[in-house]
Every structure is written in structure tokens, then in C-alpha cells.
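What follows is a set of structures to go through.
In what comes next, chain A is part of two complexes: it sits with chain B in the first one and with chain C in the second one.
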Partner chain A sequence: MRGTPFILILIAVAGVVFGLARWLDNSYAFFVGYVVVQYIVLGTAWNILGGYTGYVNFGITAFFAIGAYSSVVLHKLVPTLPLPAMIVVGGVMAGIVGVGTGYLTLRLRGVYFSIATLALAVVVQTLITNWDFVGGARGAYVLRPRTAPLIGGGYIDYLFLIMLGLCVAALATARAIERSSLGFGFAAIRDDEAAAEASGVPTLRLKLIATGLSGGFMGMAGAPLPFYVTYLDPASGFSLNYAVNAIAMPLIGGTSSWLGPVVGAVLVGGLQEYLRVTISSAVNVLVAGVLMVMFVIIAPQGIVGLFQRKRR
Partner chain B sequence: MDVSLDLLMNAVISGLLLGGFYAAVSIGVAISFGMLDIVNIAHPAFILLGSYVAYIANTMLGIDPILAAVIVLPAFYLLGMAVYQVYYVAFERRDDQSLRGLSFFFGLLFIAEVGLILVFGVDYRSVSARYIGPSLQLVLFDLPWRLLVPFLVSMVMAVGLQVFLSRSFLGRAIQAVAQDQLALQLMAANPVKIKRIAFGLSIATASLAGACLIIIQPVEPSIGREYIGRVFAICVLGGLGSFPGMIIAAMTLGIVESLTSTFFGPSWAPAVAFGVLLVTLAVRPSGILGR
Partner chain C sequence: MTALLHIEGLGKRFGGFVALDGIELEVQDGERLGLIGPNGSGKSTLVNCICGTLQNEQGSVRFAGEKLDGLLAHERTRRGLARSFQLPRPFASLSLAENLRIPILYAVNARNAGALPTAAIDARCRGLLGEVGLAEKADRLPRDLTQIEMRKLELARAMAAEPKLLIADEAMAGLSHTEVDEIIALLIRLNGQGVTVIMIEHIMRAVMEFSQRLAVLVAGKKIADGAPKDVVRDAEVVRAYLGE
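Now for the complex of A and B:
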């Protein structure tokens, strides 16, 4: 496979990051690391649809929460089920919802899809709030094991490792798409959908693939959340912060390549964490929104785009 | 579940009144999205801004919320013109409306919400006025003034804008922008200027709609998100840019929501708009009175 060296490099980097966090032996490092890596996954997932095909998904929280709440359900039904299995289930559920929404709305102009995803977030939240089995509006507690399976140490170590694994998978997928005929099809849709359709690009099928992959990765990123927070209620699971961050980070980093969401997530995520510690948690959520608006106005190609232009 | 005729009738009537209010909320989007093709998903944020302005005027100065909204109408108009200017320079001129233009409005929505939380906190705020509380008692049913006043304000606004758009030169120019921008340019009118005025008008309606909102229910900063689905469901169902269609759609949604909350519980009401939106997009994307 052509992408194998890239995947090996990713795994090596993830291994170094994990080793570093272990060496620091500070659970705060794991908590921060988890959040940043989670945003790399969310941003990459959003970018597969938004950056590559140009269709804007605002319903990130819907997909993310579907993943999170399918873990809550599975944990209640089968407490012994290992986390990776829950992640697969969460991803599949979110992917199915993505394809379903896409099938109904992607044949129309792109804005209708965006509006439908905005409304989707509200409707999934309504469903969860009314569903007593997962705690309804009161929320659900998830007891996580004290120690991590396989690797030992705190459970947060394990969650961080899982999230790093997901991140490697998401980035490898994104880069593979960029270099395959699938990616060229996506780019054709983004640049001129009518021309792509006329040239025989199966636009609807490609858009559905992108929506399914994108939603699936968002669901997978959400699946470990109940174990990370241990208490999940609809208000926090559907927090607008997730949506804004997942859109802001690729737009700030640059939407044209897999590197953009990584750069955006590390910079913005790091900055937010710094502000949260030094100033206040209210200011840190504003940062992503303000930076996003500034970047789309002043630097529409993002940080990666700025460097690419200089190199040329 | 006990379906009595009395309950049904009350639900339908309050749904009609609620729908009238939804028309006030949607009319701005009917102008910006329906006529100017600007997908202003931040419109509910401007409405909430209107609610909080009415709240401040009401609690600090004791002014009637509707009157306060009328007073700040010009400020909202100017705000809308300023937002359009930024949008035009940054996105429309670069022909980059879809991805980054949408993200721009999404960012505005978020900044407004967090800003309101920072200033006012997450508590529910409400206003006081003489018509909040009592009802107009008719033979068969009661009409609460709290719903009736926003309904009337909304209808006055819709009729006024309809007359303005169909009779005045400027109004016709706005409708022309929606149909053929190039032809308008050939008539020596500047489409950017006309769109700026129209967008200003659409944001100005948010001031009145915001006052109506805080009369109907207490307001907190994240409530705006519930209205995004509603507003766009109404605009799409009504056929973009048609006021009569929009009013029919708003009342339909109001009645369906009111029936849902009467018979299934109010916590299910937010899901109704999404259902309506999805079915419309899947079955008849041009809306009930679409062109």
C-alpha cells in the first residue's frame, strides 16, 4: 500500500506523544492531551466533508452525541464490552444517521444540507432528553474502571491511547482520500458540481460516502466521552463548543489538506487550555469563534494555505 | 391520552397565535435567505439581541418592550447594513459564500451567544407589561394577550413589508435583486446598495421579533438555537421569498407544535420543525407556494 510509510510515521509520532505523557506522569497532561487529540479527530472528520467536498455540516454535536450515547446504552446493557467495540458501534450508528440525512437533503443545494444538519442537532438532543433509559434531561453516570486494561496505570492513560489510535486512523483515512480517485471526485464536487455531474462523476454517491465517513468518525470521537467525563447530560453532550471548535479548527488550520485540522486543533486547543488556566473558562470558548470569524475574513486559506502560498 | 374537543380547539388557537409570532421571527430570513440568497443562520442571535435590548429598556427605564423595539429599530437597521458590508467584501465579492460565508454567520451566532452569557448569565430573563397575564375572554375560548400582542405586531409588520415591497420603487428593486441582478444593473441601480438596504431591513425586523419573543416566554442566551430549525423550516415550507406562503407555513408549524406539546408534552415540540423541514426538502423543496 502506498500510504504505509505515512501510517508508520503517524504511529511513531503517536507513540512518542504517548511515551512523553507517560514520562511526565501527570494526569492533567493526559486530560489536556485527550481533548486536543479529540479535536484533531473531530476537525479531520468535519474536513472530509466540509473541506474536500465543500458541504458544511453544522450538526457535529448530533453525530458526536450519537457516539457518546450509544456508549452509554451499551455500557448499561453489556457492562463488560470493551471500549473499542463501543467505538465501532458508535461510529456505525453516527455514519448511518449521516448517510440518511444526506440522502434526503444532499440532492438539493448545499445550504439545505447545512440547515438540515443544524436542525438535526436540535432533534437528536430532543430525542435524548426525552429518553429515560439514558437518563433523559437528568443525565447518566458512567462508572469507569479504576485501572486501564492491558497497559496498566490510570484509566485516563487508556482513554488517551484509544483517542490517539482513532486520530491515526482518521488522519490516515483523510490522507488516503486526498490521494485517491475518491479525493479527486470530492474536489470536482467542491469546485463545480454541475460540471462534475456532467463529466460522469457520481456526485450523490460520493457525497454520501463523504457524509458517512465524516459522521462515522465524529461518532467514534464521541464514543469514549462518557468514560472521560463519567457524567453525561444532554446540555454538556450537545454543547455548541464542540461544533464551533470542530469547524473553527480546520478553517483556521486550512481546509485543503489533512494537515490543516491538526495545525488548527493543536494551536487553538492549546491556546484555549492556556486561557482556561490563566484567565477564565468563559473567555476560552469565545476564542475559537472569534478566531474563526477573523480567519474566514482575512485568511480564507488558513495557516497551511499561508505557508503554501509563500513556498510557491 | 384524553382527546377532548375543548383541548383540541385551545391547542389549535394557541398554535395559530404562536404561528403568527413565528412569522415575525421568520420574516427577516424570508428577506435575507429568500430574496437576497444570504443564508443568515445568525438571524436568531439578532432576535435574541432584540429581546435583551427590550429587557434592559423594560427593567431599567420601564418602557414597554414593543415601544423599546420600535425605538431601537434604526440601530438594528444600521447593524444589518454593517454586517452586510462585511459579508459582501469578505465573501460575496470573492464568490465564496457557501463554505466560509456560512461559517462566518455560524461564528457570529456563537459569539453572540457566548457574549450574552458573559453579560447576562444563563438565567431566564423576562419583561413586565400590562398585557402579560390577562386574557381576552370570548364566548368559547380565551385569547391570552401575551400571545395576541405579538401576533398583531407580527401581522402589522408582514403587511407593512408586503406593501413596501410591492408598491415602492425601493421595494420593487429589492424583489428585482432576487430575480435578476444583472438586469437591475442595466437599469442603473446598484445591486449592492439595494441588498445592503434589504439586509438592514431584515435585521431591523429582528428587533421587533425579539421584543415579541421576550413577551411570549422568558429568554436565555442559548434559546436562539431552537429557532434556527423553525425559521428555516418555515421559510422553506412557505416557498422562499413569498410572504403569504411564509405566514401559512408559520401558522401550520405553530399549530402542529402546539398540538404536539398538548398531546405529547412540550419537550417534544422542538423536534417538530425538523420533521417538517426534512419532509419538505425530501418531497417538495420549492415549498407550498414556491415559484
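Now for the complex of A and C:
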């Protein structure tokens, strides 16, 4: 399947999902749907760097929160700015930080890179916590409109639709990378950086593309967050949940293909939401942790990998 | 005939240790050069400095009339310098055909400033695998290969970059007698196609059979350079290998 039909199918699927949610006419469906789709975007973003290129980023919350807080800033400065514009700005900001971090840390390999990204999350959180304009440690309130622009209905409908659109963009990008020379370059870097360089792969430039794209999509996933939660403080914006889930979902679904993060996010995200309402709101982190450990031991290639292996 | 590779006063240190000291070496277009030396004499460091994996502190490397100093490894590969690694370093998650695809996508396409169509790339990958006798395993992963097949893949991947100069870094270590012959035949065939080859090797039989000229490194210095028969009788070379 070529690129354009794939995007059309994605859009059709997103349309059906949105139509279904509208038909259910239950705002809880939109809240759950938003979270799951947000995790598809986050997982896909993580996978571009972690799965395709082999650089494990633990600093997801840094990029996610940069997107979220850039929306807070924009909302204070220009309250009338439409959300898609905020998403673009949030994505660009996080993408720039991604490229910058990449440039400074990509001489570090393996686990040292991961530790540096962890440090980045701490640094960004400290900066935000001490920045009064965005509420500092107290947090910031964002009053969202009561009704959705353009499509009518509750504002959450609009947030869900926006997140679905982002998801289509992220998945189309991920799949396009997989099939392009960029994807082969990423895979070569993941397998052996020195051999990649000796084969003519400009490793530094490709790694910067990967960190920029990955960080950018994380920022875009975070940009609508203030409107979703309406009150954003550093503790929730930088919550460990985002980092754990964004890593666990691609690992569980499979890191080798764009489908992995989708499968992982729908499965784990869905299960978490189910357990949140049936058992307890704290058990959801346990789910991601336990499943991740199980999959790393039993099926390191993830669910998609299991099927691919059968085919091979 | 002008030299394809021209190394002048090349020096490299690791802290206080002088790994290479004032290396002078010329390789003519189309030549087969053997490079030998005891363990730790600086052969691999020299290869790394030529290929850009390491940057030399002193001297210069000129290739096809162009100064390479300061260029990164991938830029040198694009200019026509390819190497195989001492320990095979395949792209483990990619099939054999895909392994060869990387240098075609990134070295050949970049050099020609135009992308080959996918079908042409695929045909080229399979053709190269056929040349080294791995055609049937084109869709397998490197982990399914034997030691000699791994070495062949390593050479095929270097060849896929369509180099003017190929540096084979101990491509035969650990191989059996007949396998060594196979690799020698392969390298001589490549040379026949117009590729200049530098062979770094410990197996003297292979070196003597392959090389038109032989250079010897000892403790970071070139101590001999000339016709293989003369070099192996050189008193200094004998002393370096066998002691006083």
C-alpha cells in the first residue's frame, strides 16, 4: 500500500471512531478515547527514536510538558488563539528542544543517553516549577470554552477530534519513515552506528532528525493537555505515568512497526481505564509495569513481533 | 600514474601513547597492497584514520587528489573509500539484502545525486550477494550465517558502496585454509574490476599470494615498503617478528 491510500484509511478509521463516540453520546467515552489516542501519539513519538533508531528516551515528560506549558503560555498571551495553532507551536518548541538535546547528548550511547534524558526531564520540571508566569508549583488554570468550535457539542468532543487528527499525522509519519531510506538509516544506526557511518549514513544528522521528530510529536501530544485537565501543575504535567506508558506501550505492542504503539496503547490504555473504574485509580500504573516486565521476558518483540515472526 | 591514496606524515596519539608516528604511504590506482605488522603495531588505527572513524592529529590523508582531513567517516565513504571491519559488524535486524541496501541508499545515491528506483536497488543487492555466493540467503538475517558467510557479507556491504578503494581489515582471521583461498579469490576478482585493495592480514600465505606490494608497520612506524619477497627478507622486519 502506498502512502496516500494509507492516510485515507487512517482518516476513515479515525472518522469511524469519532462517529462511534458521538453516537454513544457519553462524555466519558470521549475522555477515555482522548487518553488512549494521546498514548498512541506519545508511544509512536517515542518509538521513532526508541524503536527505530535505538535510542531509549526516558525524558518523555520533558517534551510532553513543554508542549503543555507552551499552550498555557499562549493561552495567557493570546486567549483567542485556536488550539491547532497552539499544537503547532508546542510541537515546534519541543522539537527544537529535541534537536538541542540530541546535539548535546547523542555522543552518549546506550544507557548514558537514557540517563541524560532523565536528567533533562528533571531540569525542565525544575524550570517550570520556578516559573511564576505559568503558575509555578501552584499550577495554572485554563478555562476552556463550554462548547466545541466548528463541530458543536462539548469541548471534549473537539479535543478528542484534534487528538485523532494528531494521531493520523503521527502514524502516517511513522509509516512513511519505515518505508523510506530514512527508516533504513535509522535501523542501521540502531544495529551498529560505526558500521552505519562506514556505509555512508550521516549518523549525526539522522539522529537529530529522529530526536526532533520524536520530541516534536511528544510536544504536540502535550499541547491540548491544559484544556483537557483545565488545571495543570508540574506534578501532573510531569507525571511518571506518561513516561512509563509511552515506553511500555510500544514495547508491549512491538517496536518494529507503526502498528506496535497502536496495539500497545489500545490494549494497555484500555485496560488501565477499565481497571481505573472497576478496581482502583492507582492500579493502572501497576498494569503497565507488570505487562512491560512480562513482555520483555516472554515476547521481547512485542505483540506485532509475535505475528511477524510467524510469517518469516 | 598518480597515487589514489596519499598519506603524509600521519600521526595519532592516544593520550601519552603514540599509536602512529609519521606514516608515509602511497597507494596507486588499481594496486593490491598488503599491510602487515605485529599486534598493536597500529594497523587498525591507520585504517581508522584513513576512513575517518578516528581523526589524525598530524599529517594528512589525500584521496583521489582531495584532502580528507576533518571529513567524517560517511563523507569519506561517499567519496569512494570503503572498509570491512575486523570483527564483522552486520546490521543484525536487517536481512542480507537490506544490509547491502544501506550503502546503496546512503553512499551511491548521495554520490550520484539521484535516487535509484527501488527495483534497481534490490536487483543490485541480490547481484552483489550472488557475487559472493550468498544469493540464496538474501532474505535471511545475519544471525543465520556462518563465520565465512559473515565475512563475505562484510565485504559485499563494503562493495555495495561502489568504492574506488577497499580496505579489508583482517577479513580472513579464523577462517580455514580453503575459506582463505575463497576470500583471496574474491578480493583478486574485485581488484580485476578496477578496485584498489589494501589488505590487512596476519595470515602470511594470504598476504604473499595477494599483494603486489607490502608495507610493514611496527610500533606505529612504517619500517618497510616494497616488493613482498624483499620485504619479508628485510632484516628489520624479521627482527620485529622473530626478535633478535
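Everything that follows uses one rule, which is that the second predicted complex is superposed on the first by the 309 of 312 C-alpha atoms of A that agree within 3 Å, B and C clash if a C-alpha of one lies under 4 Å from a C-alpha of the other, contacts with A are read in each partner's own complex, and residues count from 1 in each chain.
Heads up, the rule we're going with is that contacts are C-beta pairs under 8 Å (C-beta built on N, C-alpha and C of every residue); 3 or more make two chains touch, one makes a residue touch a chain.
What you are looking at is a predicted structure, and each value in this text was computed from that prediction instead of being measured.
Steric overlap between chain B and chain C is absent once the structures are superposed on chain A; the two fit side by side.
Legend: residue contacts after superposition of the two complexes on their common chain; A:T203 is shown touching chain C, with no touch to chain B.
Touched residues of chain A, counted separately for chain B and chain C, are more numerous for B.
In the superposition on chain A, A:W131 contacts neither chain B nor chain C.
In the superposed pair of complexes, A:F184 makes contact with chain C only, with no contact to chain B.
Contacts of A:F6 after superposition: neither chain B nor chain C is touched.
By the touch criterion stated above, A:F31 is placed in contact with neither chain B nor chain C.
By the touch criterion stated above, A:D192 is placed in contact with chain C alone, chain B being left untouched. Nowhere in the superposition do the C-alpha atoms of chain B and chain C come closer than 10 Å.
If you check the complex, the residues on chain B that touch chain A are 39, 41, 86, 90-91, 94, 96, 98-100, 102-104, 106-108, 110-111, 113-115, 117-118, 222, 225-226, 228-229, 232-233, 236, 265, 267-268, 270-271, 273-275, 277-278, 281-282, 285.
Within the complex formed with chain B, the chain A residues making contact are 50, 54, 56, 58, 101, 104-105, 108, 110-112, 114-116, 118-123, 125-127, 129-130, 137, 240, 244, 247-248, 251, 255, 282, 285-286, 288-290, 292-293, 296-297, 300. On chain C, the positions that touch chain A within their shared complex are 51-53, 72-75, 77-78, 82-83, 85, 89-94, 98, 101-103, 105-110, 115, 157-158, 160-161. By the touch rule above, chain A contacts chain C in their complex via residues 181, 184-185, 187-188, 190-192, 194-204, 256.
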